[in-house]
Structures are given as C-alpha cells and as structure tokens.
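Okay, so chain A shows up in both of these, paired with chain B first and chain C after.
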Partner chain A sequence: MPLGLPLKVTPLAQNFYKTIEAIPDGGAVLWVNDQGFATWVELGSGEIALYKHLFSLAQKRGLRLVFATTSSADGTVLTDRTIREEIIPGGFTKGLKYGENWVQLGWLPGWETSLRGLVTDVRAIARTDYFGTPIDQIPMMKNINSVKDLSLLGNSGYYVDEYGRQWTGLGKPWIDLLSATTVAMAKPWIEKGLLTAYLNGQRGCAEYEAITGYRGFATAAMDAQSLAHVLGILILLVPSTLYLVKLVTGRKSANGDKK
Partner chain B sequence: MTEFTVFTDLLVAALIVMAWSLVYRESAAYRLVEHIALGTFFGFMLYAGLNTLYTKTIIPLFETWPIDLVIVTAIGILMWTRVVPKVQWPSRIAIAVLAGVSMAVAVTGAVSGQIIQLITAMGSWTGPNLKANLESIISAVATFTTVLFFTYTREHKGVLFPISRIGRYFMMIGFGAIMGTFLMANVSFSIGQIPKLVTGYGRYVSIVAVIVIAVDLLLNKRRAKEKAQHAGP
Partner chain C sequence: MSASAKTWRTLTVLAFILPGLFILFARYTGIGQFMAARVVGWPVTLATFAIVLGVVTFVRTHSTLVIKREKYWPYNLVALLSFLLTFGMAFAYKPVYDYILTNVVQTLQIAFMGFIGFYNLTFFFHGTRRRTPEVGVLMVVSIFVMLWMAPIGEIISPIFPIVGQWLNDIPSGGAMRGFLICVAVGMILQYVRSVLGYERAWSGGAA
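For the complex of A and B:
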C-alpha cells in the first residue's frame, strides 16, 4: 500500500529535463550506457524513462540517437533489452527506423579511450554497429563523425571523472544519470558548470519520471526509500546518542570518584 | 502465467534468498550462489568479448582490410605470446602500447578537465556574489590543507599540525557525504530486489526461507543447550 509521501522535484532533475528538451530539432544525442547489472535496480527505471523521452522527441522533432557502451559490456545488453522490451512494444519507435533515427554502436572496450574516440572520430573506434553492420552502411551515421555533429553528450552509471575528463571543454552540454553512490564526485563538475545536469540515483529517477510522466519502478520505490532513510538516520543517531550519554555520565562519575 | 515465468520467479527469488542468507550466516547456499554469480558473469563477459571481437574486428578486417585495424589487431595478437613463457617478450610491446595510449588519454583529459578547467571555473574571490566568493575560498582552503595533510616529507609539528588537521576535517566531511550517498544507493539495490521476494511465486520461496531459518535457530538453540548439559556444572 503506497504511503503517498510527497516527492519534491528538485532543480537538478528539472535542469536534466530542460537540457534534453533544449536539443534543437534534428539534433544528435550520444548516450553512453555504462551501467552494470548491479546499478540497474537503482537507475534502470530512470534509464527507461530517459529512452522513452528521447525516442518520443525523435518522433516529434527528428532527434537522432546514438547509443554506446564503453566500460563493461553490461550496458550494451541493458540498452538492447530496454529498446526491445520497453521502447518498441511501447510504440516509441512508431514512424522511426533503426539506422535512420537511432543506432546502437554496442560495446566499445577501452572506456576512457573509447569516450575520447566517440567525440573525436567515431569511425576509428566503431567500424560496425552492435549487429555487425558496417558504420558506413548506416544512413544516420553518414553525418555523425565527431562531437561537432552532436548536440548532447550523456552517460549513465557509477562514474563521473572519466566522462568529465574527456567531454568537458567541447562546447556541448553533458548530462549524467548517476548512481547516488558517486553523486558527491559530481559536485565539483556541476558547481563549476562543466556538467550541465545530473539525476541523483533512484530519487532523481523518480523525479524525472514525475516530470516526463513515464512513471516506473523508481516512483514506486520512493516510499520504501524514505522509510529506509529514516531507519538509516535512526541507526546513526541512536548509537551515537547512547555513546555520548555514556561518555558524559562516565566522566561525571569519574569526577565524582575523584572528589 | 506460463510455466517458464513460474520457473523464473522461483529461480530468481531462490537466488536472492541464497545470496542474502549471508546476513544470517555463511552457508553452502550462499557459496553456491556466489559461484553461480561469478560463473555466469565470466561466461557473459566471454560471450560479450567474443561477440565484440567478431563484430568490431573480424567483420571489418575481412571486408575491407583497413591498414590501421590490421596493425592494431597484430599488436593485440602479440599479447597472446604470454601463454608461451619462452617467447613471451613480444607481449610487452602490446602492453606498452595499451598502457601508453591509456595513460596519454587519461592524463591529457585530467590536465585539461580536472585541473585547468576546474581552476579557471573557480572564479573570483572578491566578486559581487558573496556565496560564490565564500565557496571559492572554502574550496581553495580545503584543497590546500588536504594536500598538506598528505605531506609526509615533514613531521606534522608546529604550524603544519593545525593546518593538516583542518585538511583532515575537510576530508571527514567529504567522506561522510560520500558514505551518506553510498547508503542511499545501497538501499536502492536492496529495495529493487524485495518485490521479487514478496510478489508472484517468489513469496513462496521467502516463506520457505523463513521456515528454514527458524528451524535452524531452534536446532542451534537445542544443540547449545545439550552441549551445556554435557559440559556439566
């Protein structure tokens, strides 16, 4: 039974949404899904909502979507599964065609080296797509060679620094669907305006789902999250308070003994 | 609901319960699921690696023979000479290229992205925005004092002691924030699995798990009692 605890949409999630909405008509998006199977329970719902959002913009405004994975191979499978099980059956590819509106480049091993290659010369590191089709035979990729042909860079997963090192200073907005584990690492990047926007773990995913209207598991998990956080705070507070009480009473009794 | 869905529900729930059984105590069930997880992951990585090798290297190599790909593939093959100890020296070439390229990309990115851009973005200390000024000052003080904390060439005595102490406090605040978000993320991981244990056929697995743990607790209690009785007064 849902508790119905209120969920405030933070400016961070709003910025994330606005950055995607601000992509010009026909613009190309590079989305690197570097999630592992473990993070999928935290971020998967947000990733699905994001794909729905991107594909709906591809339908309405002709956005071109390039999906890739550079860290572990997990991301490729997760992207492919999301498109096959959520996007295509959900009608988000109606009127769109693979190779003309979206491309899955698959796993490009090398992580940071591949991240650099994706923005300098796509063909040098991805000669074929996920399905083995030569990239020169894919119509959409004819006009996408490097960062100058892209309108937005984005990634999802655990890490920030690797993407910041390779993608900042290129004059393109960069967004991150980030595990709450490493949100603290994103702070310097976002504070200094180098990272345009990010979603903070499952909570951020729930906020994004609320904005886009593509509600999923993250929204459903928020009550459990809130309760678990109350428990977490109690676990921190109660032993600390007891320790302090013991410390103070111990000192008092020690002083009393001295007297 | 098909038989396959029933089987999947039961299998997934059983694997989760077996993995989480470590919270109660280490058991054969936990060790089994640990091996299954590792084996599955390495099997998947082997498949993913071979698939990527086929689609990204072998197909383009045999279709167009691009010279750069031929060179890179040749260097990659050199890595396999490690398998034969007597002729393993060419593998060093492959390792050197791999390490060199990776380091070059990472260091170039680090210098421009993490040092120059972050410093230039730091902004003024005396601008009209007081909050921004304060943030810049705190960032500078935190960086300076934390770096001094890691100075091991001098003993932390005199002026160095209080300054490095401040650096330590900044790190404590930083690590505390990271631990907080870490807790939040790990809670998400658990919450993501719980629906599989309380809905569908997974709930029956949970009931069985609770019964098994209860029986084990009772048996342990009885064994402990018997042991105490045998030990005598």
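For the complex of A and C:
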C-alpha cells in the first residue's frame, strides 16, 4: 500500500551527484560494480540511475565510461544486463558507440589486486574486454591505461576499505555506492577527505533518484522500508513494555500483600 | 628435513617475500613503478587458475559422492547437474543462461538475504529478554538508527534523523576508525611474521 511519504534529500546524496557533475568534459570514469545478485535488491536501482546519469553525461559532454568487476562475477552480469535492458532501450546510448564512448572490461578476478591494476596498468590485468575484443583494438582504451587518464573512480557493493587501500592517495575523486549495513565503515574515509562522496544504502539510492529524476525501485521501496522499520521497533518495544508493566504491577501487588 | 625440502621451502619463502618488498619499495621510492604494476598483475592470472582448480575440485568431489552413493547423494547430483547446466549454457545458449541467473540464482539469493532481515529482528527480540543496561542502550540506538534510515522517522519527529546521524558519525565512526587501525596493524604484523618465518601455514607448513 503506497504511503507517499516525503523523502528529504540529504547532503550526502547531493555531494554524490555534484561529484559526478563536476567531471570535466571528455573525462574518463572508472566504475567497478562489485555487487552480488542479493545486493542488487538494495543498490540496483541506484546503480541503474547512476548509469543513466553517466550515459547522459557521455551524450552531452563526451564522458568516457569504463566498467569492470573485480570481486565476483555477478557484477559483470548485472552491468551487462543493465546496459542491455535499461540503458540501450532507454535511448541513453543514442549517438554513442561501444568502444568509443564506453567499454565493459568484464570480471577481473583478484579483487584488491585487480583494483590496483586498474589504476596502475590496465593492460597488465585486462587483455580483452567482456566480449573478447583485445584491449588494444578498442579505440577508447588507447588513451586509458592508468589513473592519470581517469577523472573519477567509483564502485558499488558491500565493502569500502579494500577500495580505499588501493585507490586513495592517487589524486582522483572516489565515490562509493554502499550498502547500509557497511556504511559506518565509510566514516573514517570520508572524514579524512579520502572518499569524496557515498550513497547510503537504498535510502541514498532513492535520494539520488530524486535528484537525477530517474526514479525507480528504490523510491518505491521507501514506503516499504518505513513500514518494516516500524514493525521492527514494535517487535522491540511491545514485549519490553509488557515486561515493565508486569514488573510494576507485580511490585505493587507484593507491597499490597505486605500491608 | 631433507636438503631438497629445505631448498623448496627457501624458494617458496623468497617467492613470497621478494615481490611484496619490491612493490613496497616501488610505492615509497617511485623507482620501478612500471615493473611493480606488472607484478601486481600476476595474482590476477593466478586467481584464474585458482578458479579452474575450484571448478575441478567441485566436479570431482560431487561426482565421487554420487558414484559411491554416499548419504544424501541425490543432493550432490542436483548440485552437479545445476552447475553443468549453467556452465554449459553460458557458452552454448546465452538466453537460457540469462534466464537461470535472473529467475533462479538471483531469486534464491534475494530470498536468502530477505531471511536475514527477519533473523536480525528475532535476534534483537531474544536479546532484549536479557534485562541489562547494555541491552537497553542497544534497543534505544536501534530505534533511532532505524527511524533515521526510513523516511517515516522525519515525519514522526525531526529529532530522529539528527540523533541517528550523530550515532552513525560519532560513536560508530570512532569505533570503525579503531577497527581499521587494528586491521592495518594486524596486516603489517602478519606480513612481518611471514617474512621472518613465523607464519608457515600458507607455504604448507604448520601454522
């Protein structure tokens, strides 16, 4: 049952949006999708809105997009499916060409090692793209080999420390689409300015959808989240309240018996 | 230990120590960074072989259990056939592979993760049966954080997002900082122990 509760957009989501908008014309973005199928329920809608945002900037300002996965193979399947089922049919690739405006490197197993390789020497870890084309034959990748050729680093998934260890200190902004369960791990990084911006779980995705206008499942799920959290609070409060009432009435009747 | 075993152990330790020291040297001096980047690429190749090894082990283990008709062998057969079907379709006919991922794998993973939400709630419920101050604090903090994350919290009272944000920023952020420092120190110590030969489990010796 839709409640239609208003959603306040927080500075966190606004910073995330502004960081992407601040990419210079023609800049290259590296996006690592390390989500699993299970995390997609929480973060998938935000990822779709992000891809729509990036591709629309690619159309307007010539951004170049590099997609990769380092942790598990799920991410590369989800990236490919999003592009095939949401981005291309939605017209976000009109005027763009694969290999010139975006490239999918696929799954590069090794996690932190691959993350480091993506910013030091892409060719050392990715000989072909997701479709088997040798990387040297991809026009866009001729000018992209390390972090000095990139304007923005970003990732989505459960974790933040691994990306911070490999991507900080390189002089490039880094953004994260993070699950709410591990968002506390982002605090030390963002307070030191090492992590530029992050989205806080499904709530953050809904806020980002509101800012970009690409509303999706995350916005629809906010009402369900509100009701589920209220249910959780009732499960905590009701038994405790009943216990306190029993305790107080038990003491009163014990005092009454003593008199 | 025989001479050949000692030599083998020494070579293994050197293969572990030298690339790590070289990468650290390149990072802090800037010398040899191109080579260090190439060295970082080697584990990606090794990870690929590890995946192949994992697949072979999986197929061999389940096949053996099925052939020997061990207890619960039908489940081993289901696991084996599911794997072979998905693996085969990935190369033979992609639409079926996509169907399996979207309608079976993803659905099962979502169902599994959905269970975790209710598990956490029942976990809290059982936890509140112990009447201690710590449990009281946990309950209050949980309520504020839950109402911070959900839009309904702002509607009930503007205090919930403020307190919830503070709880996430200050106590939780401080604890995470301490956790990160401990992890970093632990990793350094683990590397030093491995270099000095105190950690041998990774090379096949006793831990």
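Miscellaneous remarks
As a working rule, the second predicted complex is superposed on the first by the 236 of 259 C-alpha atoms of A that agree within 3 Å, B and C clash if a C-alpha of one lies under 4 Å from a C-alpha of the other, contacts with A are read in each partner's own complex, and residues count from 1 in each chain.
Definition applied: a residue touches a chain if its C-beta (ideal position, glycine included) is under 8 Å from a C-beta of that chain, and two chains touch if they have at least 3 such contacts.
Since the model is a prediction, treat every value here as computed from it, not as a measurement.
In the superposition on chain A, contact is made by A:Thr120 with chain C only, not with chain B. In the superposition on chain A, contact of A:Thr76 is made with chain B only, not with chain C.
Legend: residue contacts after superposition of the two complexes on their common chain; A:Leu194 is shown touching chain B, with no touch to chain C.
When both complexes are overlaid on chain A, the residue A:Ala38 reaches chain B and chain C alike.
When both complexes are overlaid on chain A, the residue A:Pro6 reaches chain C alone and has no touch with chain B.
In the superposition on chain A, A:Leu153 makes contact with neither chain B nor chain C. Touch criterion met: A:Arg203 reaches chain B and chain C at once. In the overlay built on the shared chain, the residue A:Gln225 is in contact with chain B and with chain C.
In the superposition on chain A, A:Phe217 contacts chain B only, with no contact to chain C. Where the contact sets of chain A with chain B and with chain C meet, they give residues 38, 40-41, 77, 108-110, 113, 116, 124, 161, 180, 183-185, 188, 191, 200-201, 203, 225, 228-229, 232. Contact residues on chain B toward chain A in their complex (touch as defined above): 44-45, 48-49, 52, 54-56, 59-60, 63-64, 66, 68-69, 101-102, 105-106, 109-110, 112-114, 117-118, 121-122, 135, 174, 177-178, 181-194. The touching residues of chain C, counted against chain A in their complex, run 33-34, 36-38, 40-41, 43-44, 47-48, 50-51, 98, 101-102, 105-106, 109-110, 112-113, 117, 121, 124-125, 128-129, 131, 139, 142-143, 146-147, 149-155, 161, 168-169, 172-173, 175-177, 180, 183. Chain A meets chain C in the complex at residues 3, 5-8, 36-41, 77, 81, 108-110, 113-114, 116-117, 120-121, 124-125, 146, 161, 180, 183-185, 187-188, 191, 200-201, 203, 222-223, 225-233, 235-237, 239-240, 243.
In the complex of the two chains, the chain A residues touching chain B come out as 38, 40-42, 44, 72-73, 76-77, 106-110, 112-113, 116, 124, 126-132, 134, 161-162, 164-166, 168-169, 179-185, 188, 191-194, 200-203, 217, 221, 224-225, 228-229, 232.
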